[in-house]
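Since the structure comes first, as structure tokens, the remarks are kept for the end.
Every chain is named by a letter (A, B, C and D) in the order it is written, and numbering of its residues begins at 1.
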Amino acid sequence: MIAAAIIALLITLALTLIRAFLGPNIYDRILAVNSFGTKTVLLIIVAGHALGWFSYVDIALMYALVNFVGTLAVMRFFEQYDPQGEQS
Amino acid sequence: MNELLGHFNYYIVIFLMMMGLYMVIASSNLVKKLIGLSVFQASVFILYITFGKITEGKPPIITDNVDVYSNPLPHVLILTAIVVGVATTSVGLALIVRIKEAYGSMDEDDIHDMDDKDDFQTKNNRSINE
Amino acid sequence: MIENLHLIIDVCLLAFLVLIAFAAIKITNLFVATMLFGIFSFVAALLFLDLDAVDVAFTEAAVGAGFSTVLMLSALRLTGAIENAKHRHSLLGLFIVGLTGAALIYGVTDFPNMGDANAPVQLHLAPEFIALTQEKIDIPNVVTAVLASFRGYDTFGETVVIFSAGVAVLLLLGSGHVEPKREPEQNMVLWIVVKPFIALILIFGLYVQFHGDFGAGGGFQAGVIFASGFILYALVFGEGYARKVVPASILPRFAALGVLIYGVTGLVSLLSNKPFLDYNALSSNPVSGQHMGILLVEAGVGLAVFSTVLLIFYSFSGVNHNE
Amino acid sequence: MIISLLSDICLLLGGIFTLTGAIGLLRLPDFYSRLHGASVTESLAAPLLIVGIMLDTGLTLDSAKLVLIIVIMVVSNPTITHALCRAAAHSGVTPKMETKNTKEKQSQSETEISGKESK
């Protein structure tokens, strides 16, 4: 079952990536990138447990924190930049 | 088939490296060039780490009842290289900020045009002075 | 089954990397390209984890995905122009890239297979390092031992490089000055959520710093994580308030102090007639001397990296407010 | 035995929910509905998957850290979603029914219908 979860997560990552590429709006991309980060944390935990990666929990913890800080930074700077409509 | 599977990582890494190189060559925007450089850098990191991997090995952190450890040396080299890489990237970004202030553009072609114009003017001025 | 999973994850991650790099080439919006580079680093770190490089994955996630994204974004905020990054289709460039790639692939075919235990890289130095770590230094994490003790010179050089990069950014941009001012429109939810998060990040930074001997971690990673706690504070509450907590003027001194701690540790061993950075001189017992040396050196590295990273962030965030 | 069965169920449900979320993120017509699709499933799938792993590892230091990760994710995801939604609303991103953006043709007819209904 753990293999099924890993494969589901990999497919999820691929789909999220497609949304990040398609856009169309910058906020869609931010959402997709943030979602990609969260799914990566889950993948680390599940795959790390299945494959026996060393101290995967520490790294997952750090990914979760970095993802939070990174997404906040993206939004913060984008607000300051003052967007002019939608980008392609 | 064995050959392909054994070298798969290397081929992809080289492909990535070349993508980074193409980004540096083909985009005239300086920040884009820097991103390309970082992609190149990251693919070199992956190449090094791939060298260090041993199939049945475990991470080089000594634990009981493990005999085979992956090679710790590439890890050390790359660990410091990552931090140094970001430090140098930050210097590059600072330079770009200053270039943007001086020229009003981050585009390599525009900057070259302006430089050429400046050279032309200074030459003209010199010839007039002479 | 497990081997297949390894292979599937490996192939998927590499495919993601290629896709992300391809999109980063195509996209003209620099903002989006930066974000894509952020997830590129994330995926690369995941790949490192799969290739047994725990410490490298840690560093890449903290530095590559976290700090360098923040850095590029703040640089983009300063330069303003984030759209229509011109992209010229250069046939010559494509030719050069193709030629280089073909040459490299030709070179790679001679490599031993991936994961081969008898490859030349695995036979020299690495087994000695692993054996010597168990015998002379007696800490579990071989990477930390090699980093701080066996290759201490190298790491000293890297620390100095980071310090000088910080100085270079400071010279180019100045540290700036930002008055603390409340922005009219504040997000209460963020304020409340972020406060415990900052505490968590700082504690986690300390854990990584001091747990580096036993598991993944060390000075480089801890410095960046610790700094990202303050960066989070600056992002949410305003840069002026962050500068009240950690003044910009103190940071160059801290960075210099970090390098100094490293250097003085080396000098102490020099004074007691041992080679530079030979930690056996620090204590009567060689093993505990090594422990103490690694602790000091990692503390120096952590301090230097923390202050340099925060200094660079301050420099980039301070420029615009000067005008 | 029961514990491993429970863990399997958690992992399976978590996998299904992440997949649903991703399909929602890809297929839904406008930003706000995509936000909804991604974030709600995320908040459910993350604890499910992590609890599934925790049941398998048993009571160790690792499972304590995993609890911490659950707390981080359950707190940070809605916060990010809220901030993102707020920023998008401030910058003038409107729900699909009012824009004339015709990115996805198959969704266009649906939005027209919903637009009429809202009027």
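The rule we apply is simple: a residue touches a chain if its C-beta (ideal position, glycine included) is under 8 Å from a C-beta of that chain, and two chains touch if they have at least 3 such contacts.
None of the values given here were measured: they were computed from a predicted structure.
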Chain-contact steps, minimal, separating subunit D from subunit C: 1
Centroid-based (C-alpha) most distant chain relative to subunit C: D
Subunit B and subunit D: spacing of chain centres that average the CA atoms, whole Å: 34
Distance between the centres, which are taken as Cα means, of subunit C and subunit A, whole angstrom: 20
Where subunit A and subunit D are represented by their mean Cα positions, the distance between them in whole Å: 12
Inter-centroid spacing, subunit B versus subunit A (mean Cα positions, whole Å): 23
Residues of subunit D touching at least two other chains: 72, 76, 83
Of all residues in subunit C, the ones touching two or more other chains: 52, 54, 76, 80, 190, 197, 200, 215-216
Touching two or more other chains - residues of subunit A: 7, 30, 53-55, 58, 61, 65, 68, 72, 78
All pairs of touching chains, each written as two labels joined by a dash: A-B, A-C, A-D, B-C, C-D
List of subunit A residues in touch with subunit C within their complex: 3, 6-7, 10, 13-14, 17, 20-21, 23, 26, 29-30, 33, 36-37, 40, 43-44, 47-48, 50-51, 53-56, 58-59, 61-63, 65-66, 68-70, 72-74, 76-78, 80-81, 87-88
Sites on subunit A touched by subunit B in the complex: 53-55
Residues of subunit C defined as touching subunit D within the complex: 187, 189-190, 193, 197, 200
Partner subunit A, residues of subunit C touching it in the complex: 1-2, 5-6, 8-9, 12, 16, 19-20, 23, 28-29, 31-32, 35-36, 38-39, 42-43, 45-46, 49-50, 52, 54, 57-58, 61-62, 65-66, 69-70, 73-74, 76-77, 80, 82-83, 190, 194, 197, 200-201, 204, 208, 215-217, 225, 228, 231-232, 235-236
Partner subunit A, residues of subunit D touching it in the complex: 7-8, 11-12, 14-16, 18-19, 21-23, 25-26, 31, 34-35, 38-39, 42, 45-46, 49-50, 52-53, 56-57, 62, 65-66, 68-69, 72-73, 76-77, 80, 83-84, 87-88, 90-91, 93, 101, 103
